[in-house]
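Next come two complexes built around chain A: one with chain B, the other with chain C.
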Partner chain A sequence: MTTTNTTRPLDINSPYSEMAVTPAFDIPPQARSPVSANVSTTAPRNDQMTALGHDRPYLPVGLPVPLPTHTEAQPLFTALQKWQGTVSQVTDSTFSAVLLDLLEPSVEEVAEFDLEEVSRGDLDLIAPGAVFYWSIGYRTEPSGERSRSSVLVFRRLPAWSEKDLQRATDNAKELRNNFGW
Partner chain B sequence: MSQRPEDDEIEITLLGPGRGECCVLHVGGGEWLVIDSCVTQTGHPAALFYLESLGVSPTAVRWIVATHWHDDHIRCFATLVEKCSQARVFHSAALEKDEFTVLAALDADSLIEGSSGAKEMWKTWTYLKNSGRGSPELTLSDLRIFQRPLGLSPNCEIWALSPSNASVAKAITNFSTLIAKVGQPKRAIPRPERNPSSVVIWVRTGDVIVLLGADLERTSEVSRGWQAIINSNGRPLEQAHLIKIPHHGSHDAHDQAMWNNLLVPYPIAGLTPFKQGNINLPRNSDRARIASLTSQAWLTRDNATARPKRRPRPVTKTIKEATRRFERLSINPGRVTFRCHSTQPVRWTVDAPSPAIQL
Partner chain C sequence: MIRQEEVDAAKIEIIHPEVAAFQLDWLLLQVTRNRLGFHSNRESHYEAARDLLIGTLDLLRHMPTRALGVNHNLVLEYETQGHCNQLGRELVPENKWTTVLQRPAMARVEEQGERTDGQDGYIRVRIEPILDEGTKVLCEVNDHFNLSPDNLPSSTVAIVKLLNEEWRNIAERATHIIQYVETLLR
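And then the complex of A and B:
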C-alpha cells in the first residue's frame, strides 16, 4: 500500500483544508446533511490515522469557511473513486461490506477488509449495518510529493432519539389505519 | 425463448441474481404471476425487462407476491408494483404487524443511502396508499389466492402454503429485536440470518403443478417452516412436477419430507445463487444433493458475483492492496425458462442461455 506518514496533522481551520479535501465529484445529499457534518468536523488524531492514509476527505459542504489567516499549505487529496459501504459481516480479523459506487450508483460490489485498515478510533463503530465511506485517490504534499491513498471513514450517525422513534411509530400507525390493518 | 407462451402453456422463468431473485409465471390464459423482484445491472426490475422481451404488457400481470422482505428478494418491488397496474399485491401476514411497520418506518427515516428490504416495503406501501390502489393482501398458510372461473381454460389455482401462524409469531419476535432503541446509533438494518415467514406458492395450471419454495427453511418444530406445510390438512395435496428450490439451495432449507410429500419423484428444478460475506450458495454439497434428487436442475448463474467493473489502473491497484476480496454484485441476472403444455404428459422444454448452468 502506498501511504504517506506526515508528522503534521491536518489543520481543520486552515483556509486550504476544504480545498485540500474536496472530492473530485459531488457528495450525495445525505452526506451533506448535519448527520455527516458530525462525522467530519474533527481532524483525526495521529493515533486515528489509518495505515492507508489519514485525510478526512468528507468535510461537510455548506459550513462557514473561515477567511484566510495564514497561508500554510496542506496536503491535497484528489479522489478518484468513492463508495458508501454497509457492513454485512464481522469476524475477529476482517469485515465484509456491500459497497455502493457513488460515481455510478447502480453498481454494487462486495469487499472484505482487514480490521487493520480501519482507524483505531473507528473500530468500535464496526458492526453489521454500520455505514462508512471509502475513497481512493492521490494525496499531494505541499512539497509536491504524490502518493496513492485509500481512506476508510466510518459515519458517526446520531443516535436514535425518542422523537425519531415516536415519529416512526406514528407513521406506522397512520399507514396501518389507512390499510385497515 | 423470445415467443410468448401459448394460452394453454404454463411457463416458469427464474431470474437472478442481479441482486436477488425473481420468478415470472405464465399461468395460462395470458395471465401472469410475478414472485419477488430482482434488478438488472442498470437497476431496473428484471421481471419487466423479461416480459417486454416477450412483448407482454405489464398490465397482463395479475398477481405480485413478495415472499419476504429481504433485500435480495424485493429490489425495486415498488417500481414493479407501480408498472403492473392491474396486479393484486400480496405479502406475508407477518409484515402488517406493528413490529414490522415501525421497523420499516424507521428505516425509511434513517438518512442512510442505498436500498434495504424494509425501506423498499415502506416505499411500496406509500405508493399503494397514495395511488389509491389499496392495501396489499396478506398471505397465511392454506390460502387460495386465485381460482380461474369454471368454463375458462386452462383451469388454474394459485395457493399460498405459508406462513403458518406460528411462523408469523416467530417473525414478529425477530422484528422486535431489530427495532432500534433510544440512544442506539443509527445503522442500516442488517440482513437477518433467519427467515421464518417466507411465502411458499403452489400453482396448478391444467394438469401441471409447480412449487415455488421462496426462502422457507427447515425447522425442528412441526408448526413452522416446511414441517408446517407438510403437516397441514388445508393445503392441496397433489404433488408438484417442478420446484423452485428454496433459499438458493441452502442445506438449512432442505427438508427430505418436503421432497417426499410435496413433489413427484425426480422433479425438474431451478434455483438462483446467492452471496453475502463468506456465504456462497449453493455450496458444492448442495449442488450434488439437488442433482441427486431431480431429473434436471438448473442454476441461473454459476456464481452470484462477477469481476469488478473496469476502473483506472491506480484505483484497481489500490483495491487489490486494500482488500482481501472484491467482487461485483450488480450483474445482469441469469435466466432459466421452463415451459410445458398444461395437459398430460408433462414434458418440459428448458431454455437456459449462458450463464445458466445445469447441475
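And then the complex of A and C:
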C-alpha cells in the first residue's frame, strides 16, 4: 500500500504507516456527529503538533477531537512484497496455491506452503478455492527491534445464510426466465 | 469473520450509544452514529481489513450509506529538523507571509484535487509535522467517494463494488502522491 524505504530522500525509515477505511452512514442531519467522515481519527493530538519552516517550531493547530486511536503500542508491519493466493490443492501437510502479485498483478506464480505456516485459527479455512494474502516484509516491535517476517492471512467473509441462498436461487431463476431457457 | 482467538483477545475500548470501539492487534474498529471506521497499521492486513468491511456491509446491506473514504497515512522521517523545515518552505513559501506574520512556519497543509476516474468525490492530501524532535512529518492521502443519489437505495452494494474494483487504484494513487511529496526535498 504505502511506500517502502526505497525512494525516501535523506533518511530513511518508514516508521509508521496506516490505512483507514471509513464509509459514512446517511442519517438525519440533526443527529450527525461533528466528526466528519473525512476527518482522520489517526491525526496526532494537538499537543503533538509543530510547524515546519523554522528551527524554533511550535504552532498548535486546532483539530477536531479525535476518537481513540490504537491505544497500546503495536508491532508494525511494512510489506516488501504482497500476493493474493488461491488454494488449488491440499495434502496432509502442505497446500498449493496460485499467487497473484499484488504489486505486479499480471504476474501469476504457483507455490507450495507448509500447513505449519498457517495460524491455527485459519486451518479450517484451507480448501481448494480459499483466498489468502501472503506478505513478506519487516515487523517492527514497539521497542524498535526489527525482523523479517512472512504473514499468511486467510480471507474471511460472512457465511451464506438460507436467505442468501434463496435470493441467489431466485436471481438465477429470473435470469433463466429472461434468457427464455 | 474474525478468528476466535482474536475475538477472545480483543480489547474493548468503549461501548456507548454514541460510540463503540474495539481493537485487535491488527485492527482498530470504531463505530459512531454516522460512521464506521476500520484502521490498520499492518500492511500485511490491509486486505483483511477491507474484507472485514465488505463482510460487515454485507450484513448491513440495508443500511443507507453516503460516502466512502480510504485514507493512507505515512510518517516520513527525515534525518534532521532542517530537512523538515525545508519541506514546510517548499509547500508554503514563507515570503508569502512575512509581511503579516513574524517567523511564519507551516503548521498544516491540505490540498484537494478533483477525481479523474469519473466518480463523485475528491482526493485530499494532508501534510503536517509531528512533534518528535521535529524530524517526522505525517502525510495522509484521503481518497473520498460520494455516492450518487442513484446509488443510495443500494448504497452498501455500491461501496462494496468500489472496494472490490478500486482498491488497487486507490493504493496506487496514494503511493504516487506520497512519492511525490518525498521528491519535494530531492
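Definition applied: the second predicted complex is superposed on the first by the 109 of 181 C-alpha atoms of A that agree within 3 Å, B and C clash if a C-alpha of one lies under 4 Å from a C-alpha of the other, contacts with A are read in each partner's own complex, and residues count from 1 in each chain.
Rule of thumb we're sticking to: a contact is a pair of C-beta atoms (placed from the backbone, for glycine too) under 8 Å apart; a residue touches a chain by one contact, two chains touch by 3 or more.
Note that the structure is predicted; figures quoted are calculated from it, not measured.
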First, second, both or neither for A:Ala111, with chain B first and chain C second: first
First, second, both or neither for A:Gln89, with chain B first and chain C second: first
Greater residue coverage of chain A in the superposed arrangement, chain B or chain C: C
Partner chain in contact with A:Asp122 - chain B first, chain C second, else both or neither: second
Partner chain(s) touched by A:Pro158 [first = chain B, second = chain C, both, neither]: both
Chain B versus chain C as contact partner of A:Thr78, first or second or both or neither: second
Overlap of the chain B and chain C footprints on chain A, listed as residue numbers: 1-2, 31, 33, 35, 52, 84, 105, 149, 156-158
Contact footprint of chain A on chain C as seen in their complex: 1-6, 11, 13-14, 18-19, 21, 23, 25-26, 28, 30, 32-55, 57-59, 63-79, 81-85, 87-89, 91-92, 94, 103-108, 124, 126, 128-132, 134-138, 140, 142, 144, 152, 155-156, 159, 163, 168, 171, 174-175, 178-179, 182-183, 185-186
Residue ranges of chain B touching chain A (in the complex, touch as defined): 19, 41-43, 96, 98, 101-102, 104-106, 109, 111-114, 125-126, 129, 134-136, 180-191, 275-278, 305, 308-309, 311-312, 314-315, 317-319, 321-330
Chain A residues within the chain B interface of the complex: 1-2, 28, 30-31, 33, 35, 52, 80-81, 84, 86-89, 94, 96, 98, 100-101, 104-114, 117, 125, 127-131, 136, 138, 148-150, 156-162, 164-165, 167-169, 171-172, 175-176, 178-181
Chain A residues touching chain C - in the complex, by the definition given at the top: 1-3, 7-27, 31-33, 35, 37-38, 40-44, 47-61, 67-72, 74-79, 82, 84, 102, 105, 119-122, 133, 135, 137, 149, 151, 153, 155-158
